[in-house]
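Here come two complexes built around subunit A, the first alongside subunit B, the second alongside subunit C.
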Partner chain A sequence: MRPILMKGHERPLTFLKYNREGDLLFSCAKDHNPTVWFADNGERLGTFRGHNGAVWSCDVSRDSLQLITGSADQTAKLWNVKSGNQLYTFNFDSPARSVDFSVGDKLALITTDPFMELSSAIHVKRIARDPADQSGKSVLVLKGPQGRINRAVWGPLNKTIISAGEDAVVRIWDTETGTLLKESDREIGHKRPITSLTKSTDGSHFITGSVDKSAKLWDTRSLTLIKTYVTERPVNAVAMSPLLDHVVLGGGQDASAVTTTDHRAGKFEAKFYDKILQEEIGGVKGHFGPINALAFNPDGKSFSSGGEDGYVRLHHFDPDYFNIKI
Partner chain B sequence: MTATAPKLRWGELEEDDGEDLDFLLPPRQVIGPNENGIKKVIEYKFNEDGNKVKITTTIRVRKLANARLSKSAIERRSWPKFGDAVHEDVGSRLTMVSTEEIVLEPPRAPGSKPEETKAAGDPLAQLGKGGAVLMVCRTCGKKGDHWTSRCPYKDLAQPSEGFIDKPPTAETSSVASGTGKTAYVPPGMRAGAERGAGADMRRRNDENSVRVTNLSEDTQEPDLHDLFRPFGAITRVYVAMDQKTGMSRGFGFVNFVNREDAQRAINKLNGYGYDNLILKVEWATPRSN
Partner chain C sequence: MGDVMTMRDVEARAAVAGIDLSNLDLDSIQLPPGEDFGIISDDEDVYQEEQLDFDTGFGNIIVVDHIPIVTREKFEKLEGVIRKIYNQMGVIKEDGLWMPVDPETEKTLGYCFIEFNTPQEAEQAKEKTNGYKLDRSHIFVVSMFDDFDRFMRVPDKWAPPEIKPYAPGENLQRWLTDEKARDQFVIRAGSDTEVFWNDARQLKPDLVYKRAFWTESFVQWSPLGTYLATVHRQGAAVWGGASSFDRLMRYAHPQVKLIDFSPGEKYLVTYSSHEPSNPRDANRIVINIFDVRSGKVMRDFKGSADDFAIGGAGGVTGVSWPIFRWSGGKEDKYFAKLGKNMISVYETETFSLIDKKSLKVESVMDFSWSPTDPILALFVPELGSGNQPARVSLLQIPCKEELRQKNLFSVSDCKMYWQSNGDYLAVKVDRYTKTKKSTYTGFELFRIKERDIPIEVLELDNKNDKIIAFAWEPKGHRFAIIHGDSPRPDVSFYSMKTAHNSGRVSKLDTLKGKQANALFWSPAGHYIILAGLKGFNGQLEFYNVDELETMATAEHFMATDIEWDPTGRYVVTSVTSVHHEMENGFNVWSFNGKLLYRILKDHFFQFLWRPRPPSFLSPEKEEEIAKNLKKYSKKYEAEDQDVSLQLSEQDREKRRAMKDEWEKWISEWKRLHEEGKLERQKLRDGEASDEEEEYEAKEVEVEEVVDVSEEVSFEYAS
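Moving on to the complex of A and B:
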């Protein structure tokens, strides 16, 4: 395959997200402008200008009309996807990191980093149908445990919130009462900070990637560990194919160590694993830095990766990808 | 005369940096796409020297095969650009198709993996330890452990086949004598060693070495062998290669069995035109040690 290279960002990529139909790709980077691209040919549709810090994550509503972004400038912003206009700004006292629209787009969760004496927290906001009625009031605030929460997503039917972060523990919270329901076992779970978390298309299971050079597949309801994928480098990004039983791990050594090592040693590839057999299928090379973000097109026929090198690489699979047997 | 006048003074050009003069340029033109999907975009701009430049960009527009798009996705296709994308010009090349074909590389067999990664991994470590293939001891044949000069078995090992000028008798006898727990005695100095012959042979080998310089980069060892073989028996041909590039460094050595053959080769081939270059063939100066 010949990937499409998109050089819209001037700083390392942080997050990638396809909309539901898979025709738009949203990219967030440490430069301040989240960008939306056409996912078929990589043409840039627009940039969302207004943030004043690194943008850590984003989510797009089911109808692809609203975008929410979380940024290090201590705000989360709602955007009109079509025009690129800001609709609303949620202000916090510490950097916002992970954002996720609930099923139905009536709620959104925003996580904030620990900062000064503030601990990390998950804020649940109600998203008004009309942006004019939008308020910044939190429906629920979950005071987080020690360390940063790197990723939090909604569980099935918005009944739970799944969070994972620096303390290497995956937690499931009740969204009605705000209580902690489950915690992953420290013995079988990750040993080092969890960097990424991605749900499967049906939400029945999710995958976490960690600095401990592994990715783990968990059951969403029971939080039982299903599979473990071991690699050679810290995992910064994970994605699951919606079409085949494949998982993709992206990583590479720490960004701080990049200049001191040979690029061949960096392992800047997106590694494909068989989801069930836990065996490596192959690797897709190309980035000049660690891969920070991965996303699968909802149709499963293409995926994109974003790297520390500031490039988004959009890969449309060759036909023989769909016939790989191991 | 103002800056808006068609004729401009260079001083004004510099100040304006070409930015405000864009209205002087002909408008952007888009031709096509024609039936082959070829679209031409003609733009004009000023380059750094203030000269007007015409930029013609030819684009082939292709439809993506059977891409099934939802109604809303098709509608989104026609959305106007916003943000920084509004001012994007054709030359910005934000989106490019990789020139490199990327394949889903299958993982290597588990056995071969560690070695491969080690070899490719850390060039520094490789320097220190030596590549597995590069470092072959000529004395004992051990790979990747030590260089020939540092061979711990060099007085124990049998002479290798390639060195026909080494006296076999001297070596074997030295093994027997060298087992005692005394200070190190070079094999040639030990009791029973054919001292004179051994030293002589070694000297003569060095003296029979002919240095060939001004070789073309394409010259390989077999070529050199073919060139020198008519003069007599050759024991060794060596062309110096650059380790990094694998290219010839343009010189080499040829060792003859007989000194007379070597002398004839020098007489004949010094100044000989070979591969468009004039060869310089001379006696190799023995190493200082």
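Moving on to the complex of A and C:
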């Protein structure tokens, strides 16, 4: 498997997202320009210029026409994917981190970091069909969790919002009333901050990665812990294959300790686990910094990883990958 | 701080201090050793009583008896004399000296009370002046004031001690009777201490006992594996059994730092070092020797650190542990301590010096006991700037008779290595070259068990090679040496026997350019691990010395420690957090270098196999078994087979269960997804396509004409 190296960012990658068709790959990095690539050959299609800070995450609408990005410049922006133009800017008083379009793309959630006296929050915005009608008003604001929310996504049928962050707890919120419905059990849940959260394609379950060197698979509706994947490194990014029963964990030691350790000790590998048996199947090496972002192509035949080293590596699986037996 | 705060108080306090509690990782907080912030551990209750006494009592007052009885005229003079004596011991409190006077005779009563600033000073004063001769008829008897209570409580009549009915305890050797003949080990990671069986057949450890905050600094098995010792602020404790790990005995020794068992585990030596009240003084050292089973203090040693610092006349700053080295063998008969120009040998019957005096050896640098016999080997460096040669001599104890002596010239240093049966002693001698600018190394090999103890000199093929490591084969006649230059040194194997003439040492083989800096023989001999620890990143080579061939090479990245299990069947390499903060944990290997399983643990501190007592089989019987191993092993092979079959069956079963459970989830999700279909469609403004998960890849071939150019070629007929 020979990866395609995509060098377009000058700073560490933060997030990767495929569109529904799997022909476009959106990448966010700590440089200010989210970038879109052709997902088959890694050619750069364009960049979205306008942010003035690190871009933490993005989401693309189902019809691949609109992109939303959350940035440390205290804004979230809507973009026209085709033209690269800004459609609207949501202003906040603290850095925006996680963004997610709802089912139907009529709503979007944006999380903001704790900043000065402000605590972290999840804002729900209505996305107007015509950008001219777009307003910055929040439909709903959820507050409560201590510390940063690293990732929040919509639950099934937009009835719930699932959030996870630095306090190591996964929470499910009711979008109707704004109340907290469920909290993950602290005994069996993560012990250290959760860095990443990714839903399955049908949204029925999701996986969380944590600094506690493990990833956990949860049921979206009942918040039941189904599986735990244990590794040797803090997990920064998680992804699930839409095709096979595989999960991928990416991570590596803290970026601050990279220069003081041997490259072999770094283990900047994307590790594949059997989703059901929780056993490690293999790894994909290559990055020379921790992996910060992972995404599967919706067809399950390729995946890409983004690292602290500023590269996106696009991997098309070899035929024998599809016949792995353990 | 002792009172309990509610969570709300804690949160309020944290808010005031500006601490975000959710950001706080409680697991990462570790109390500094010796400090509990008023949180009482469950071991404390028993010690509490004694502690209180010490703090609120009259611990800093001493009573000096047998001082002269004087009249009022001489009172002040006597007081002056006593004050002068005791002012040297410490600071006497204001009005701290009280000499009672008989109101009738107006004479003193022959005793006085002195109050010092600290109990330590008082104790020191008591130790130093008890028996002080003021003059011929006045020899001081000094006691602690607190002791009077105790003396008073002694009943006048002797009462026979109450005989407690015998309470049957657990068989402390039961762990040896494990049906699968497994070995136990203890690990310490974070605040937890855990004891496991090494279940190599199942490729996993099997938890026996787990306890958080079991010890305050480290744990240690006794040499025969009967006890596990833990260390606490108030003293040491031992625990035993196969699975219950009940506390068997406690040994009170405040602020104990180090412990050491005698080889027959009859005695436990504990050590503590205390800051002096006067910063210019050396630390005060307290050593207690306990009887392990009764918990009684057999002998205590107190003094300044200088008295216990060893290292000949020059004096090495610091105390090397163990201070007391025990004579080999299970009898625990003798123990010895190195002092300035002497070796003090004690025997355990009376816990006093043999012949009531230490062994005088001018400038002795080092000594070591034979692991089996009461024989001391000692090393004396060159004296009188080379006029008197350095020497190594062997002494028989208790008669102190010199068995053998060897003079050595231009020596810079000596190190002694005993073979585990006490058959051989190798002395590594570093000598100066003629220019005195560099050193080279040779070995003097003593055959202890042969008549007259013949000595043989061994020099390496290349005399200038630096010696990196030396190790005897346990119970064997071979030894291994790592020598040469550091990046890729050589490893050589020697035997004390040769095929024809058994009295000569012979080289077996030299392996060139190995990445190794440490040698780990299997406790059963035959096999050795050449390890490149730390600087060499954890390179391991499993080597068979019988066949002189490498069985396996492996790497445990950044491994810091290697421990063979007591039977020599398994070996563990570990990365402890003392040296390396990442990938802490341990790997368990078979003796021939097959990785069996690995366990990762954050904040991993210690791995220790539980030692086994020596086998009761005679050497002949052992040999017989080794010869007919096939016959004996058959039974176990069958068992192994069964287990592995069972294991794969279990594994399959487990996998099936997991798959089934997963299928259940999937079907549940499918159903719920189906239920939400209409609603989803509505959310998507009626877009019917609900096949987002059943993605279909369509291959569309597109032909694109990039460029068309016409080329005309000519061909010339020649």
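Note that the second predicted complex is superposed on the first by the 325 of 326 C-alpha atoms of A that agree within 3 Å, B and C clash if a C-alpha of one lies under 4 Å from a C-alpha of the other, contacts with A are read in each partner's own complex, and residues count from 1 in each chain.
By definition in this document, a residue touches a chain if its C-beta (ideal position, glycine included) is under 8 Å from a C-beta of that chain, and two chains touch if they have at least 3 such contacts.
Predicted, not measured: the structure shown is a model, and the values here were computed from it.
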Clash or fit, subunit B versus subunit C on superposed subunit A: clash
Should A:Asp40 be classified as contacting the first partner (subunit B), the second (subunit C), both, or neither? first
Looking at the overlay, does A:Gly283 come into contact with subunit B only (first), subunit C only (second), both, or neither? first
Which of subunit B and subunit C A:Asn158 touches, first, second, both or neither: second
Using the superposition on chain A described above, determine whether A:Asp219 touches subunit B (first), subunit C (second), both, or neither. second
Could you tell me if A:Leu5 is touching subunit B, subunit C, both of them or neither one (first, second, both, neither)? first
Contacts for A:Phe272 in the overlay, against subunit B (first) and subunit C (second): which applies, first, second, both or neither? first
Subunit B versus subunit C as contact partner of A:Arg192, first or second or both or neither: second
Check the residue A:His315 against both partner chains and state whether it touches subunit B (first), subunit C (second), both, or neither. first
Which subunit A residues lie in the overlap of the subunit B contact set and the subunit C contact set? 261-262, 264-265
Touching residues on subunit C, where the partner in the complex is subunit A: 20-23, 25, 27, 537, 557-558, 582-583, 600, 655, 658-659, 662, 665, 669, 672-673, 676, 679-680, 683-685, 692-693, 695, 697
Residue numbers of subunit B touching subunit A in their complex, please. 64, 67, 69-70, 72-73, 76-77, 79, 81-86, 88, 93-107, 117, 120-123
Touching residues (chain side subunit A, partner subunit C) in the complex: 20, 22, 62, 102-104, 106, 145-147, 156-158, 166-167, 191-192, 201-202, 204-205, 213, 219, 221, 226, 230, 232, 242, 245, 253, 257, 261-262, 264-265, 275-277, 298-301
For subunit A, which residues count as touching subunit B in their complex? 1-8, 21, 23-24, 33, 35, 37-38, 40-49, 63-64, 82-84, 261-262, 264-265, 269, 272, 280-286, 313, 315, 318, 321, 324
